[in-house]
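Worksheet for the structure shown next.
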Amino acid sequence: MRLHEYEGAAIFEKFGIPVPRRGVVRTVEGALRIADEIGFPVVLKSQVLVGGRGLAGGIKTAESSDELEKSADDLLNMEIKGLPVKELMISERVKIAKELYMGITIDGYSGKPVAVVSTEGGVLIEETAKHSPEKIASVKIDPKLGFYPYQAQKLLRQLGLAPKPLTACSDILVRLYKVFEKYEAIIVEINPLVILENGGLMAVDAVLEIDDSALFRLKKSLSLPTDNRLGNSLENKGKEIGVTYVDLDGDIGLISSGAGLGMASMDIIGNKLNPANFLETGGGITADLLYKCMELILMKDLKAIFINIYGGINPIHEGAKGIVKYIKDHHLTLPIVAKALGNHQEETWEILRSGGVHVVTQAATETAVDKLIDLLK
Amino acid sequence: MSILLNDDTRVIVQGITGKIGSVQTKWMLEYGTKIVGGVTPGKGGQTVEGLPVFNYVDDAVKETGANASVFFVPAIFVLDAFLETVDAGIDLIVIVPEHIPVHDAMKMRDYAKDKGTLALGPTTPGILSPGKGKMGIMPASLFAPGRVGVISRSGTLSYEFAGILSEKNIGQSTVVGMGADPVVLCNLPEILEMFENDADTDAVIIVGEVGGEQEEKAADFIAHNMKKPIASYIAGRFSPQGKKMGHAGAIVRGSAGTYDGKIEAFKKAGVTVLESPVHVNAWAEKHHLR
Amino acid sequence: MRLHEYEGAAIFEKFGIPVPRRGVVRTVEGALRIADEIGFPVVLKSQVLVGGRGLAGGIKTAESSDELEKSADDLLNMEIKGLPVKELMISERVKIAKELYMGITIDGYSGKPVAVVSTEGGVLIEETAKHSPEKIASVKIDPKLGFYPYQAQKLLRQLGLAPKPLTACSDILVRLYKVFEKYEAIIVEINPLVILENGGLMAVDAVLEIDDSALFRLKKSLSLPTDNRLGNSLENKGKEIGVTYVDLDGDIGLISSGAGLGMASMDIIGNKLNPANFLETGGGITADLLYKCMELILMKDLKAIFINIYGGINPIHEGAKGIVKYIKDHHLTLPIVAKALGNHQEETWEILRSGGVHVVTQAATETAVDKLIDLLK
Amino acid sequence: MSILLNDDTRVIVQGITGKIGSVQTKWMLEYGTKIVGGVTPGKGGQTVEGLPVFNYVDDAVKETGANASVFFVPAIFVLDAFLETVDAGIDLIVIVPEHIPVHDAMKMRDYAKDKGTLALGPTTPGILSPGKGKMGIMPASLFAPGRVGVISRSGTLSYEFAGILSEKNIGQSTVVGMGADPVVLCNLPEILEMFENDADTDAVIIVGEVGGEQEEKAADFIAHNMKKPIASYIAGRFSPQGKKMGHAGAIVRGSAGTYDGKIEAFKKAGVTVLESPVHVNAWAEKHHLR
């Protein structure tokens, strides 16, 4: 679960990381009130959960009430990558001497947290990583021991910072690690971490993405809404029923069990057909779950449905029952191709066929895709 | 011989009294796996499929001589049960459940490494050695005995590959699910090394996917340590970008994690790259695999 | 710093350990109000920071308002081991089926936390340890890894508890470890942990002693007063000026640098003289500190003063200056013997002699004690 | 030879720019200790007593070849500085400061053990080898070179014993302060073993005190491993009870920690028990120590 910038900033502040004075508003009037409190100039930042909002025009500055009124109105009527801007963070505009970067994420291969710092903060940090790797330093962390100032300093020394900002940065990085640990983050990031003209430091952005699987034990300390945080309402609905749903532009509904099989299906479909979505059930297929999956993908206009499932955890004929029930309940007539293998597969095929589904009994997904293309001719 | 599972493997099922645990126990037994008991805290003294259930892993080990365990434990209890299992001296642990917190997975991995315990998962379908046994949820009907090793990051894609091979009468020595999570307890090169050293495996198929750097590290390992023919398939070439790990992830990994980066690494290491799972047949034919 | 029972109970409750309904009062009226809220019968517990208050009559029960009124009045006019009872905790009286014990402290030799449990809770737990060690089980904890339910269960299994209370106890013990860790405790203890007649568990006492050296970073999360928590006002004053002061019954003032040297001085004085106190300066003797030490010990009526100090961290003549300044400021005439060795010792002796102090220049404390006895003849 | 300190010991002083650190550096130098530099974060580039000051321990090690460090670092920074020092490869660390949180001390002890670093303290006066050098705050005037080893839990009592011995011209090989805290970084038997193996030490004095179980464990070690004559003094026979560790402490330790328990353990192990420090003279005479 990715937090909004203002939610992340509040947590950073609680952990002693300096953040700008700020307020969150949903109206132009609100924006004016906050700006009056903190004083001009201010920055207006759209609170949407996608990257690259700066480049998309979602961040503006205002020197005066007039300017603020106009900018706030513009932003609140804007969409960024399909997401309407509903909230703005109004924050003080600080005097920037230099922009740094710091972040902590998980290095999957070693299974350890990794801290990353750079003297080149800002929107182009990934470019820096590619073209000036010497401006980036990173270190793996032993989570059993934690992360101490001396380790943070050792990392930051590689960047050639002066002693004073170095010590202040290491203090912030250690606090950032505490946020990472406490909130079971997948990533925490300050980009940019600003060295102010007066020599102080300030975290001018706050990225905090929490491991969804850990939410069960974090809800109490978070006290934030955890539902409906994805930009797309269908994707939120997917999360609700416990599947991964990614919305796409095409007209073929796609249900798969397992992300790998889903991706392989997409690869094999390639450019021959256009999927309307990517729905991955995860383990534990049941009649009820597949019924809901059908419901979900059919919230869009589909030309056909492609089902590619294996039964591992549960016998697969249970899932088949859900599909067929949905077909019968809704008198569905559009072409459906299903490749379904695993425990109880013969029974499964029989059930699917009883609902008019075109069943493929070979393992290769190609065969099923070919069948679908045939049907759509 | 196969890898991981052999005649001396004595398996307990943790979470055996649950709905999934009990059904899977039945299926593992039907497949010929040597299951010797199960563990569910508070259910000690019951039996499932005729097997004794214990409250604690150390009791199960003491009473049954178990040396391997497969987990059907609810995600929120997995960390505690895992540490208990490692402490009880179990050598091989298969963590089937999904949605294990990744900070727990880091602790589990670290603990297992410290104690020298081999563990697979989380979010793995497990291990299956055709005709010998299985630990996990792989649907037996798709597998056939033979001499090709399969190692897969994706559960269902391991079934797809086994299914495609079996239909052409190309059998498998062992099929291993590594686990689909960002942090897994055993990395790809460790499994590859076992296949390289296994007298009953002639060739290996790696089923990877975009994200992470397992494939890149494996390519490096293969270039320096492996002689057997290897084919690989990477899922996700045309997929919508999955979970974005933010800048820090991208910076740490550089080009690692992308489809092109993985393919390039494998090609450099002399690995045959399959554009689609079904192409595995041509590769198998070329290498006269059976 | 040892917390009052009610302070400990509030922390235990926050960490999910079941504790009785309760309230803290300073008056009989307050006691009646709380008892009305929680219902009779109630227990009245004196909140004093000494052990053995139960055996000293500091805990009473009341079935009715009349009984409560009388008992509360009795307790609030009582002293326990010299400490006046100022606060009472009024708590529900629970129906006890069995009393257990659990505690976590630090095993100094291995440098690890150690958890201790017993089926024989209650006031006589230390006797149980001596005479029925089989009813006690303990385990060392690796603080890097933390303490997990399976470890708590493994420990508790040694006591032969039934599965249900065992699981519930292990849950409480794991929570107790979190308190221990979070509050940098020297000891946390539940004695008794009660198995209720209805099968539930309840922590009927709460012991929590925090490492004084860690208070600097705990003050924020504690939000409790940290001053004046010792029973004796002179001991509190000692803490204020940064020395260890233990009040005794005699008439010889004793100042030493280092607890070991202080104890040795007491041993050598033995029964020959009666110390009025035990004041240990710790390292870092300064003029100001020794001036304040003189002030502190002279809050009692003394017959003589015995000073036994070594200069390690600081040159010792600085301390001598403070002593002599106090003597001169207050025209002190009572006999003072000082053994003072270390850096700048010759200078020190000169200064001390200028204040009329009898200086001993040999290392053996015996010589100085003999000198003092001589003077008092 | 002496124990711990020898001709190859190259010492840095951490917290060298502080008031205490700089004075003690002067005194250690005056005593002939090979001090090669100091560390104070943010003060790198300065000099103290002509010695270079560094910001970081690894820089100091690189530039000076230091292999030992003595701490005059404020208590709240000690844990961080200690881990840094262990990581920098220093072999011997002396932690003079008092009031180190005991939960920090547990972490420090664990880390040092893991990495094989020898450390003394916290709350120790340090180590002094008469005529050779000292790391810490022991006042030099009280010590004389000779062949008696002294190991003390109390700082000032180590001075008392050295003073009493020196007045009678009985010198010391090395005087070691273990540290007065409940958790110390090096336990008594480890130091005793060094003295037993030291060709320049003929006999050892243990200065203990009530509380904890260092003496009991030492007695056990002595009974099985030591041949040199040993005398011991335990402070606290008539002392007011100190900090009470509550029931849990008492239960864990049983009779350990009491004066009588310690005395009994030492007597059983053949250790001479001194009722008062000054009695050490008679013992030394009996064993012809010098």
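Lettered A, B, C and D in written order, each chain numbered from 1.
Just so it is clear, contacts are C-beta pairs under 8 Å (C-beta built on N, C-alpha and C of every residue); 3 or more make two chains touch, one makes a residue touch a chain.
Only a predicted model underlies this, so the values are computations on that prediction, with no experimental measurement involved.
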Chain labels contacting chain C and also chain D: A
Identity of the chain that, by mean CA position, is farthest from chain C: B
Distance between the centres, which are taken as Cα means, of chain D and chain B, whole angstrom: 52
Centre distance in Å when chain A and chain D are each reduced to the mean of their C-alpha atoms: 55
Multi-chain contact sites of chain C, meaning residues that touch two or more partners: 144-145
Shared interface positions of chain B, touching two or more other chains: none
Graph class of chain-chain contacts, one of line, ring, star, complete, other: other
Each pair of chains that touches, named by its two labels: A-B, A-C, A-D, B-C, C-D
Chain A partner contacts - residues on chain D that touch it in the complex: 41-42, 44, 55-56, 58, 79-81, 83-84, 87, 111
Residue ranges of chain D touching chain C (in the complex, touch as defined): 20, 23-24, 27, 75-76, 96, 98-107, 109-110, 123, 125, 137-142, 152-157, 159-160, 162-164, 166-167, 180, 182-185, 187, 207, 209-210, 212-214, 217, 233, 235-240, 242, 244-252, 254, 276-278
Complex contact set, residues of chain A against chain D: 145, 148-151, 153-154, 157, 163-164, 167
List of chain C residues in touch with chain A within their complex: 144-145
Interface residues, chain A side, partner chain B - complex: 51, 101, 103-109, 111-114, 116, 118, 125-126, 129-130, 133, 136, 138, 142-144, 181, 184, 186-187, 189, 191, 207, 209, 211-214, 216-217, 246, 248, 256-264, 266-271, 278, 282-284, 309-316, 341-343, 345, 362-366
